[in-house]
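Below you'll find the structure, written out as structure tokens, and then a few comments.
Letters A, B and C name the chains as they come in the text, with residue numbers starting at 1 for each one.
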Amino acid sequence: MARRGLVFAALLAALAVATAASLALGAVKVPLGTVLDVLLGKGASATDTQIVEVLRLPRTVEALAVGAALGVAGAILQGALGNPLASPDVIGVTGGAGFGAILIIIVLPGSIALLPLTALAFGLLAAALVFGFAWSGRNRGSVGKVVLAGIAVLSLFTAGTTGLLAAFPERAPSAIFFIAGGLTSSGWRDLETVWPYFAAGFVCVLFLIRPLDRLALGDDVAASLGSRPQLIRLGAGVAAALLAAASAAIAGLLGFLGLVVPHVVRMAGGSSSQTFVVPASALGGAALLAGADTLARTLRAPIEMPVGPFMVILGVPLFLWLLRRAV
Amino acid sequence: MEAAARSEAGAALLEASAVAVEIGGTPILHSADLRLRAGELVAVVGPNGAGKSTLVRAVSGLQRPSAGAVRWSGLDLDGLRGRDLARRRAFVPQRMQVPAGVDVREAVTVGRSSHLRPLRRLTGADRAGVERAMERARVTRFAGRSLTTLSGGELQRVQIAIGLAQEAPVLIADEPTSQLDLGATIAVAGLLRELADDGLGVLLVVHDLALAAAVADTVVVVSAGRTVADGAPARVLTPRRLTDVWGADAHLTGRAGRTALHVAWLPRGDVRAP
Amino acid sequence: MRKLLGLTLLLAALCLPASSQAAAQRIVALTPFAANTLARLGVTPVGIGQTLGGAERFLPQLQGVPTLPLSHPNGPNLEQLAALDPDLVFSSRTWAKGNQAMEELGIDVVVHDPRSVDGAFADTFKIGTLVGRKHYARDLLQGMRRRVEAAERGIERRPKVMLILGVGRTPFTFLPNSWGGDVVSRAGGRLLTGGVSSSSGFERISDEVVVAENPDVIIAVPHANEDDIPSLTEYLRTNPAWSSTNAARNGRVYVSVDNSLLQAGTDVASTIRKVRRAYLKN
């Protein structure tokens, strides 16, 4: 118990540091005092205000939201499917979202404003297909069926994406950046579109935490306690799909977070109880993405580098160190 | 055999009649009856594939029956959902999933969750309930240990503790001793008998007929999807029945607090198989 | 006398192979720049390349020339190319893999990817030399240089310009050592670069720097069609990140979908004029 408290404290500290860095640092040097002035509404030069209010603040919030969402989505999927390799990719969301985005970028570039919604819609469609197939026929909703359906749907959408890229090779470069994943500084525009899906996903997760702990003891124990195992799995799938689709809509295809953060948190805290893992994954994911994004846009300023490698640089050494110490 | 006349004036907690179950279109159970009263320990026995587990899962609400009536304290099973059912009966599977990173106290606390409203925190009363359940199952001394470090017997007692945390008047255990060694079997059997003596209704599926005879007040025999006998162990587990149902030449004896099954393992006069 | 004749014959013998080497007969041009340059030089290639879904602009003289579809990463289908039996192929670095394969087939491959107007002139001359039209090329170039100088005359203002590639989530900025960057610089624009340089000619530059440098004009070069221009322009104009810039506030955000800023063309002067008239207004 004390160990978990320690882990929470460390995660909160990391989150605070990452958030502060994300707001205070950037390609243009803005003194800390000025940053605080802008945030507290005390006014500063037009340029500084624009930079802090319109560029850094929304981007920081996006990083925290997406990081938390992906961390939590990974945690609940790993719990619901009883599989340590589960992540939002497994339920097809990232494949679908990628296809939707590429569709806009390559085939309908004039509709670029609809990119977040299209990515979100196709992400949810892919998840719906996965669960539809997994819930049909015999052995409804079994873990094996979900995983296999996920692989099939992912392959389907990946093939579609590759096909589009091959058909319009001139336009392919624009699409690569979505696939690589990363945040952009475009004000609140994207968040305004997708925040309801984040909210819905997080609320679902709140109600899933205890049922998932029951599911961890086996379908029979969960049934004894009054839960329906298949319903819990479906609920977890829906919540994860909402969170992952909303994340992909604004940050492209970011893997790694959903898979690794729950494991790091579990190993550090020595506990698999969802009441610990879910909130800890939210904090850890948010801190990791905010930190990695800050590094990606300040290390070689004013050049913006992709965020993926920085997530790996920050996360993998910690993961490996914990892995060595874990039994 | 000591057929101790254990007088149970307990209320009828479970009444099931003519229960039939189909799994994947195949009929497993054709017609089975079951009754359980407070303070009574009922053992369900029968050969493999007879439908013992299916019957017990059906009355527990884990498997939908295709026919028959199941009533819990007079209320139809169909009308009882989730939480309500969890307050009436606790189902302990043969072996639960053992997640890493969960200790005994946490697992038993999960058992308490049927008492909790969706987002409410644990109260002092809940925590006390958890401690009580652990004490009754005698697992308090390793409450802080991870589930993965427990032996078979210890794990089975923890499973019972999880069931007890539900604080339901009925405990149902599906083959709780089948995978345990002698010592652990004795411990678990003793625990279950104690719980029945304390007033719980206990329903067990067991393979071991001698064990069933020793701990049960009532034995129900299931054979080929039907209940064929129901009553005190001595009356039910006669040599004739053992031959009819199990094809065994055997009889039960009980003397000085011990029960044994005497079996002719190698039947006399038969040509040995080449 | 006989010695003089012998010397003349020797010289002629030496010159003939050189000029027959230079005058390759069957030429395939895989880039619009090479194709149009050949057309201008009065040489008709036996095949020209066209990317799938691309919008290359070819001179009218090239109508009727067989087209080879180009796709990543090889460029043309090598069997189709071989069927044309080319001596020489003008290609681009984009088709590096295909270029290697062509060389292995024994076809000469010459790569031209001019990234500046001067580079385009130099490459025009090189192409002219390779096809035996050196003198013609020189004349052509004189005319081109004159027209470009005329197009660059009388620049009144030098607004700060951000030239970006693509519209999507993360636009790349054209740097001075890119084709579009050079054209816009010559048209009188001061390119917004954030002090960055890169060998590729493009970089992702932080929006913070854009805000700090405050461009007067923003030009986007997306991969899109003509009909997409209005919605794309609107999307860019309303991008919250740039809302404080002069460009956004004065509505001077433009979208260019033809390839004139993306790829070298042979009508540089008219491109420069268009940039000045439509975008820089100088």
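One rule holds for everything that comes next: contacts are C-beta pairs under 8 Å (C-beta built on N, C-alpha and C of every residue); 3 or more make two chains touch, one makes a residue touch a chain.
All of these numbers come straight from a predicted model, not from anything done at the bench.
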| item | value |
| --- | --- |
| Chain pair showing more contacts of the two, A-B and A-C | A-C |
| Chain centroid nearest the full-protein CA centroid | A |
| Chain centre separation (chain B, chain C; CA means) in Å | 82 |
| Cα-centroid distance, chain A relative to chain B, in whole angstrom | 44 |
| Euclidean distance of C-alpha centroids - chain A vs chain C, Å | 41 |
| For the chain A and chain C complex, residues of the former touching the latter | 26-28, 46-47, 50-51, 54-56, 58, 105-106, 109-113, 115, 166-175, 177-178, 182, 184-189, 252, 297, 301-305 |
| Of chain B, residues touching chain A in the complex | 24, 60-62, 81-86, 89-93, 96-97, 99-102, 106-107, 110-111, 113-114, 116, 118-119, 159, 162-163, 166 |
| Parts of chain A lying in touch with chain B, wherever the complex brings them together | 82, 138, 206-207, 210, 213-214, 216-221, 223-228, 266, 270-273 |
| Chain A partner contacts - residues on chain C that touch it in the complex | 51-54, 70-72, 165-170, 194-196, 203-209, 211-212, 214, 222-225, 227-232, 234-235, 239-241, 243-244 |
